[in-house]
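First subunit A sits with subunit B, and in the next complex the same chain sits with subunit C.
Presenting the complex of A and B:
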């Protein structure tokens, strides 16, 4: 028998979701300040309306559903998934009011793309939007990368034991420190330190390349936010190819590769465990799959005769492949160049890189290196089992922060999540094919949304059917939260209707 | 004593960052090697 949720369940969920909505309102203060500094009065008004909406709803939810009960696991999962949807609807208000979107759905698409660090956009006339809107786009991808719940945990929620459940629900299940609040703060320490260092490096390069100081600084901060969060938003429609700078490209590659590392790995390397950088299974797995995807794409590109020599190939192919594998989505080629110049083999290499993605508990999406490592080790274990005598006990180990003995629980969990990703990729591709997009193109953009990458071969555009936009929004949301919280929300809704 | 441990942590964080930058550079160098090998083999 399925138990119908009690009033307390709804109250708890509404109370904690209210806190997160309030947090989204606080985030909007930065773009509002940007608008005031640059005398952008209309965007300032848009953000005031957005902040007012978030504060009104967030505070009302906290006031009307005030509770001091701890969250249960199911409630934590529902808060994580539900608050992302609410945050999308409210965060889209300044977007929609800017007049750069054909519909509110398009604005919601960009919001979900930002929060989930995907990087696809339906915004029109990107090159002429306000500084404030650009700040909001990049800030939400930066905040979404660390996790909007991590923000709420860091600044707004007290140290109750229940908050760990919404933290896990957001797809970050590693504890850097014994306490979840300390973990959230450590994540912010890492991200903010890199924000300062990375933006400075990019700013120096921007000045060296001849950009005016203020514009250079804004672009550097935005590009850093897009790269570190593996988001892929950029302030210009030409994306990072706008800068025509090898140094800028190299710096952004380094930032998004580091940004795709597991926060637990960052913390280990920063504190005591330097050797972790080359022993960690995710780094080994990432190096191997990156090399394979790069080799496939390089062979494909040579057969197409696009970039004849190694340096040009490195600059274009490695940029796109590393951007895809870290699920960033920065591009130094035009979207249609994937179809017209790269050919199907090149596109499949990029699609493979996007599907696998980077590290767990990072800002990246996709299957994740940890799960690829677990599945590979499980295969090795099976083969060793076949070759060994029947009475032998096969023990397979892997190294992730500490040595771990691989058990059936690890394998089942990794396989279930990978299977869920494959289902998302398949369903999203099918929707594209239904609307008569060619298979490889549809697969490319479907994997891009499901893995929160953000590369596009031209399928994603404001002109695509509304149903496809909705499916893409759902795929981004599910891919970012890694399914468990979504299953929790669906189960909760089912129990609300059918439970007794 | 407290000040020293703060400086120690800053130095530890900075050397951690440097190691991560080196790891990203290593991956880029490896990628260039793979590309150069395939280009010279195919042409």
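Presenting the complex of A and C:
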């Protein structure tokens, strides 16, 4: 028998969601300050409306549903998934008011894309938007990458034991430190330290490459945010090809690869355990699958004969593949060039890289290196089992922060999530094919949204059907939260209707 | 060395001729960025004419510079009506030619509408495989102008109303939280 949720369940969910919405309002203060500095008065008003809408709703929810009860696992999952939807709707207000979106749905698409660090966008006339809106777009990916729940946990929620359940619901299950609040703060310490150092490096390169100081600084901070969070938003429509700089490309590659690492790995290195980089199963898995995807793409590009010489071909292929594999979405080629220049084999290499993605408990999406490693080890274990005598007990180990003996639980959990991703990729591709987009192109963008990558071959556009936009929003949301929180929300809604 | 320079001189001569003749001739039609991307093989290595709004920055590198020209509806028609994504091309040209641009497109301005003549590269060997135009010369067709953005008073009322409700709710929350 399914039990109908109690009033207390709704109160708890509303109260904690209210705190997260309040946090989204606080985030908008930075773009508001940007608008005031650059005398962008209409965007300043847009952000004031956005901030006060978040405060009004968030504080109302906290006032009317005040509770001292701790969260249950199910409530934590529902808060995580539900508050992401609310954060999307409210965060889209300044976007929509900017006048750069054909509909509120398009603005919501960009918000979900930002929070989930996807990087696809339906914003029109990007090259004429305000600094404030650009700041908001990039801050979204930066905050979304660390997890908007992590932000709320860090600054707004006390140390109650229940918050760990929201934290896990947001797709993060590593505890760097014994306490989840300390873990959330550690994630911020790592991210802010890299923000300062990375932006500075990019700024020096931008100045060296001929950009004016102020715009160079803004672009450096934004590109850092886009790279570190593996988000992929860029301030100009030509994305990172705008800078025409090998050094800028190299710096951005380093940032997005480091950004795609597991926060637990960052913490290990941060606490002087540098050997972890060479031993960690995710890094080994990432290196192998990156090489395979690069090889497939390179063969495709050689066949197409696009690039005049090997160095140029490697530069383009490596940038696009590493961007895809870390699910960043930065591009140094035009979107349609994937179709017109790279051909199907090159696109399949990129699609494969996006589908796999980078590390678990990072800002990246996709299957994740950890799960690829687990599945590969499980395969090895099976083969060893076939070859060994019947009485033999096969033990397979892997190293992720510590040595772990692979058991059926690890394998089942990895397979379940990978299967869920495959289902998202399949359904989203089918919707594209239904609307008569060519299969390979539809697959490319579908995998891009499901894995929160953000590369596009031109399918994603403001002109695509509304239903497709909704499916893409759902795919981004599900891919980012890694399903469990979504299943929790769906189960909770079902129980609300059918429960007794 | 001389052999290398000859094609440049030839392109330069053709470009200047085309620039001179364009206002009265349709001998060399304008090419759009969409055509260049979709039909890149046909245009690769060809001398083309391209028009667009200068946006973003002029990035000077030695004697040359990078500029970006958008040939979408926004820059060319000075239209704020939504008409899809931006589309354009990167242009590599002598820095002194780039210096003719006085207004660049951004939030505050419509950039200068300019015309360039140059060689289109589907995958430029000189610039790491970038798709670009190596222009010899540049002409301003229509100078840029400030974008008018009057303050919308209705939004002031909305911001004030929501601000007051936020303050009230904040006060009530504080009072309720007191032991």
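In the analysis below, the second predicted complex is superposed on the first by the 499 of 500 C-alpha atoms of A that agree within 3 Å, B and C clash if a C-alpha of one lies under 4 Å from a C-alpha of the other, contacts with A are read in each partner's own complex, and residues count from 1 in each chain.
Going forward, contacts are C-beta pairs under 8 Å (C-beta built on N, C-alpha and C of every residue); 3 or more make two chains touch, one makes a residue touch a chain.
All of these numbers come straight from a predicted model, not from anything done at the bench.
Participant: Of the two partner chains, subunit B (first) and subunit C (second), which one does A:116 touch, if any: first, second, both, or neither?
Facilitator: After superposing on A, A:116 lies clear of both subunit B and subunit C.
Participant: Of the partners subunit B and subunit C, which touch A:34 in the superposed model: first, second, both, neither?
Facilitator: neither
Participant: Can A:289 be said to touch subunit B (first), subunit C (second), both, or neither?
Facilitator: After superposition on chain A, A:289 lies in contact with neither partner.
Participant: In the superposed model, does subunit B or subunit C contact more residues of subunit A?
Facilitator: C
Participant: Which holds for A:309: it touches subunit B only (first), subunit C only (second), both, or neither?
Facilitator: After superposition on chain A, A:309 lies in contact with both partners, subunit B and subunit C.
Participant: Once the structures are superposed on A, label A:129 by its partner contacts, choosing first (subunit B), second (subunit C), both or neither.
Facilitator: second
Participant: If you stack the two complexes on chain A, which partner ends up touching A:55: first (subunit B), second (subunit C), both, or neither?
Facilitator: In the superposition, A:55 touches subunit C alone.
Participant: Looking at the overlay, does A:363 come into contact with subunit B only (first), subunit C only (second), both, or neither?
Facilitator: neither
Participant: Applying the document's definition of touch, where does A:261 land relative to subunit B and subunit C: first, second, both, or neither?
Facilitator: After superposing on A, A:261 lies in contact with subunit B but is clear of subunit C.
Participant: With both complexes overlaid on chain A, does A:318 touch subunit B (first), subunit C (second), both or neither?
Facilitator: Touch partner of A:318: subunit B, not subunit C.
Participant: Using the superposition on A, tell me which residues of subunit A are in contact with subunit B and, in the other complex, with subunit C.
Facilitator: Residues common to the subunit A contacts of subunit C and of subunit B are 308-309, 313, listed in rising order.
Participant: Spell out the part of subunit A that touches subunit C in their complex, as residue ranges.
Facilitator: 40-42, 45-46, 48-49, 51-53, 55-56, 59-60, 62-63, 66, 97, 99-102, 124-131, 209-212, 215, 236-238, 241-244, 246, 306-309, 311-313, 315-316, 332-334, 336-337, 340-341, 461-463
Participant: Mind listing the subunit B positions that touch subunit A in their complex?
Facilitator: 12-13, 15-17, 19-21, 23-25, 27-28, 30-32, 34-36, 38-40, 42-43
Participant: Over in the complex, which subunit A residues touch subunit B? Could you list them?
Facilitator: 193-194, 197, 250, 253-254, 257-258, 261, 266, 269-272, 274, 277-278, 283, 286-287, 290-291, 294-295, 298-299, 302-303, 308-310, 313-314, 317-318, 321-322
Participant: Using the touch definition up top, name the residues of subunit C that touch subunit A in the complex.
Facilitator: These residues of subunit C touch subunit A: 37-38, 40, 55-61, 65-66, 68, 70, 72, 74-75, 80, 82-88, 90, 105-107, 122-123, 125, 127-131, 147, 149, 151-152, 155-156, 158-159, 162-163, 165-166, 169-170, 172-173, 176.
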